[in-house]
Amino acid sequence: MSVALATHELTKDFSVGFWRKRPYRALDRLTLEVREGEVFGFLGPNGAGKTTTLKLLMQLVFPTGGRAEIFGRPLGDLAVKRRIGYLPENPYFYDHLTAEELLMYFGALFGYDAAERRRRAGHMLDQVGIGSERRLQLRKFSKGMVQRVGIAQALLNDPDLVIFDEPMSGLDPLGRRDVRALVLGLRDRGCTVVFSSHVLSDAEALCSRVAILARGRLVANGGLHEILAFEATGWEMVVAGIPASQVPSAAAGIRRVVPIGDGRYAFDLALDPPPERLLADLAASGARLVSLNPIRPTLEDLFVEQVTSPAAMAPRQGGS
Amino acid sequence: MKSIAAIAVNVFRESVRDKVLYNLVLFAILMMGASYLLGQLTAGQDVKIVKDLGLSAISVFGLFIAVFIGIGLVSKEVERRSVYSLLPKPIHRYQLILGKYAGLTLTLVVNVLIMTLAFYAVLLYSAWGINPIVQSAWDAPALDPALLRAIVLILVELLLLTSVALFFSTFSTPMLSAALTFGIFLVGHFSTDLRNFGQVVDSPAAARVARGLYWVVPNLGQFDVKSQVVHGQPVPFGYMALTAGYAALYTAMLLTMAVFIFSRRDFK
Amino acid sequence: MVATRHASALGAFALAAALLAGAIQVQAARERAYPAPPVDPAAEDAVYITSGSAVRRLSGAYTGLAADLYWIRAIQYYGGAKRRRDEQTLGPAPPPLLAAVETPEYTQLYTLLDITTSLDPLFDIAYRFGAVFLAESYPAGAGRIDLAVELLEKGIAARPDKWEYMQDIGFVYYWFAHDYRQAAAWFDKAAKVPGAPVWLGPLAATTLAQGGDRQSSRTMWEAIRQSEIDWVRQSAEQRLLQLRALDEMDVLQADLDRFAQLRGSPPGDWATVVGARVLPGVPVDPAGTAYELTPDGRLRLSQSSALFPLPAEPQRLGTQ
């Protein structure tokens, strides 16, 4: 499995302040790898350094320390840029251009001739669901439509590596579903996808591996199945038909009882003792089992735990 | 090269859609109205005044286009963050700068061309029906092709000032860039005074500073041959070649610095 | 609804109109209560910056246009003289002399013309028409021959090949100052400019003769007689014959006057003169035609003579 993208001790300091410039470490010695063909998630709270990392990779910002490679070549290599697609966060293009013209313009920067540009532009706009609006100037587009155009321009060159910074922002549920399908489609085609997101459910659904950043540092990195403990921590049992008076509240193993209404109750049970006993007791009183599921930790749990950990909460180092 | 051309075409298209070309309408109206009024006001030398007005107007309108578009060339991209989607494309940063410059050059050339056509049309109208004997007494004919020499040098000056504006645009805000570019325009036209500063002021240190400034700040007075052309005095081709050469070198210097600054910028 | 929008638009306009009307009323009331001091028409035409080089510096690259504006201003100033004159009580018109005399409503004229020509030293009509405005006898013009000459000399300094300006100076002396010696001197200077028209030399010579300075005139004509151009040479010969005629007539007239004194009354005809042996015969002019004798004893050239008419010799005013 070859490496699409790798960073080694990648560091970025910014100088802030007007008079006495204090260095602000936006990214602290980031070292990770993204393998070809996988969908990789960059997660973390605001100010964690996700966008900074992506900008460093795109050479919009230059590293203070460390290095990175894409497809084995150092950053900024033009041949590599030809194989990459990038969608910035909250993209803005050119108000005075139409969607079609924008894609044609970018197509020219890739060196395609006029016919090729037109074909690709048309195709991509179809893919992201922009129909006759493509002849309208971008100043008339809603945020969601601009986002779609952004995705279209990122995929214009059939890239081997796609980097999305907050791809779901501004999209309604339909749009998000479309983007998820798109990402999976890209993966199926062998494209490597890297995206940063706040929306953990998307990461859970799409990513094979993730990195979690906080305050410029990497606090977790690896496949979801590695990071998330796969063992269950308990059971959730939903039962119906229990009269209110007969709800057991303090039997062994019951951590919590939540009435759902209409005689239904959700039980949060510990692993031990096995729930069969309680179920048998309730059934004997005339209750019906609705569902029984193991409780596994979610990415959100992990996220909150990691991000508020003492290691993550340590202050940023500046300019070392 | 194709990338530079693509970026240039986009700059041109933006200036057209920003209704920059409406200033041409204003120019045409100004010229026609003024030439008619001046015919009423002056003692039979309409054509000189029309020529002065036309050349000055081309210069001023061109100056405003060069500065007000020039100062935004880079700063607008950065401020609006469209640069975030542009730079990741397979282009070098210097291509962006050169493309922007080429685009504004194209805009200016088109504008000046149209203004020149309108100018000659107005001259034709002004000289229409005037006795040929009277016309032969004029310093220069109404539809004098030598006017084009003055216009070419005006255009050369504008291209130099564009590079000044672009240079400032790579690192400062539009407001400050405008002030600095206009400032350079003014100082550039006072450059002979800078040279002779020593004769006016007692302090030798100030005189040396002024002298140094004279050599460094672009000498813009040399591009002004309006008076010669209006009075029918020749503007030698050698002079035009040397002035254009100076402008080319100075512009190349500014573009080099602009590329240098732009190549090192972090776009946070 | 549309109707409400129209109504509110009308309301807004009506309110704005009412407020403007109110403001106008208040201004009118203020002007009645605190009238502004009357504007001094002489001060109104003040030229604030009188230094040509200062204005030139301020005009930057647009000196030609600034010159045009000052020229227009000069014309308007000149045209407004009558209006200014009517607004002042004036004494008798001063005679046009070379001394600097104040002509109140033209005080700024030279300044405006000076600035115009400093801004554009090649501004032909500013020099020529300006000189006319300045030299023209008061009250039609400023009556300032000295300034007219100064302006034209400035023009010559800028363009030494402009024989027209030298001719203009000659004309100013000739017509307004009746200084024929100076006029002729300037015509002669003009004639010496390469490319000057051939008739300037003859003009200078004729002017001298008109001033009564026949000897200088004769010398000039002798020089002109060297010309290769036929009609110029013939014209010079004609002029020289005329000068000879004038000289002869002076001598003859003296003889006739002496005779008249002795006789007690002027001779009536040639027979009397020849009979009294004052002259050997009827005198003949250099062209061969007989002179005529008027009844009151004045000698004159015959109208049928080839030399008719002789150059007039007005009173010697201002010549040496």
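To keep things simple, chains are lettered A, B and C as they appear, and every chain counts its residues starting from 1.
Heads up, the rule we're going with is that a contact is a pair of C-beta atoms (placed from the backbone, for glycine too) under 8 Å apart; a residue touches a chain by one contact, two chains touch by 3 or more.
Computed from a predicted model, the values in this text were never measured in an experiment.
Chemist: Touching both chain B and chain C: give me those chains, sorted by label.
Modeler: Touches both chain B and chain C: nothing.
Chemist: Taking all protein C-alpha atoms shown, work out their mean, then name the chain whose own C-alpha mean is nearest to it.
Modeler: Chain nearest the overall C-alpha centroid, as shown: B.
Chemist: Name the chain whose C-alpha centroid is most distant from the C-alpha centroid of chain B.
Modeler: A
Chemist: What is the distance in Å between the mean C-alpha positions of chain B and chain C?
Modeler: Chain centroid spacing, chain B to chain C, equals 44 Å.
Chemist: Per the centroid of Cα atoms for each chain, what is the distance between chain A and chain C, given in Å?
Modeler: Each chain's C-alpha centroid was found; their separation is 93 Å.
Chemist: Just give me the whole-number Å value for how far the CA centre of chain A lies from that of chain B.
Modeler: For chain A versus chain B, the centre distance works out to 50 Å.
Chemist: Note which residues of chain B are touching chain C in the complex, please.
Modeler: My answer: residues 38, 41-45, 48-49, 52-53, 55-56, 59-60, 139, 186, 189-190, 193, 220-221, 223-224, 226-227, 230-231, 233.
Chemist: Flag every residue of chain B that touches chain A in the complex, lowest number first.
Modeler: The touching residues are 2-3, 5-7, 10, 13-14, 17-18, 80-92, 264, 266-268.
Chemist: State the interface residues of chain A toward chain B in the complex, per the touch definition above.
Modeler: 14, 55, 58-62, 78-79, 81-82, 84, 86-88, 90-94, 96-97, 101, 105-106, 108-111, 150, 153
Chemist: Note which residues of chain C are touching chain B in the complex, please.
Modeler: 57, 60-65, 67-68, 71-72, 75-76, 120, 122-125, 129
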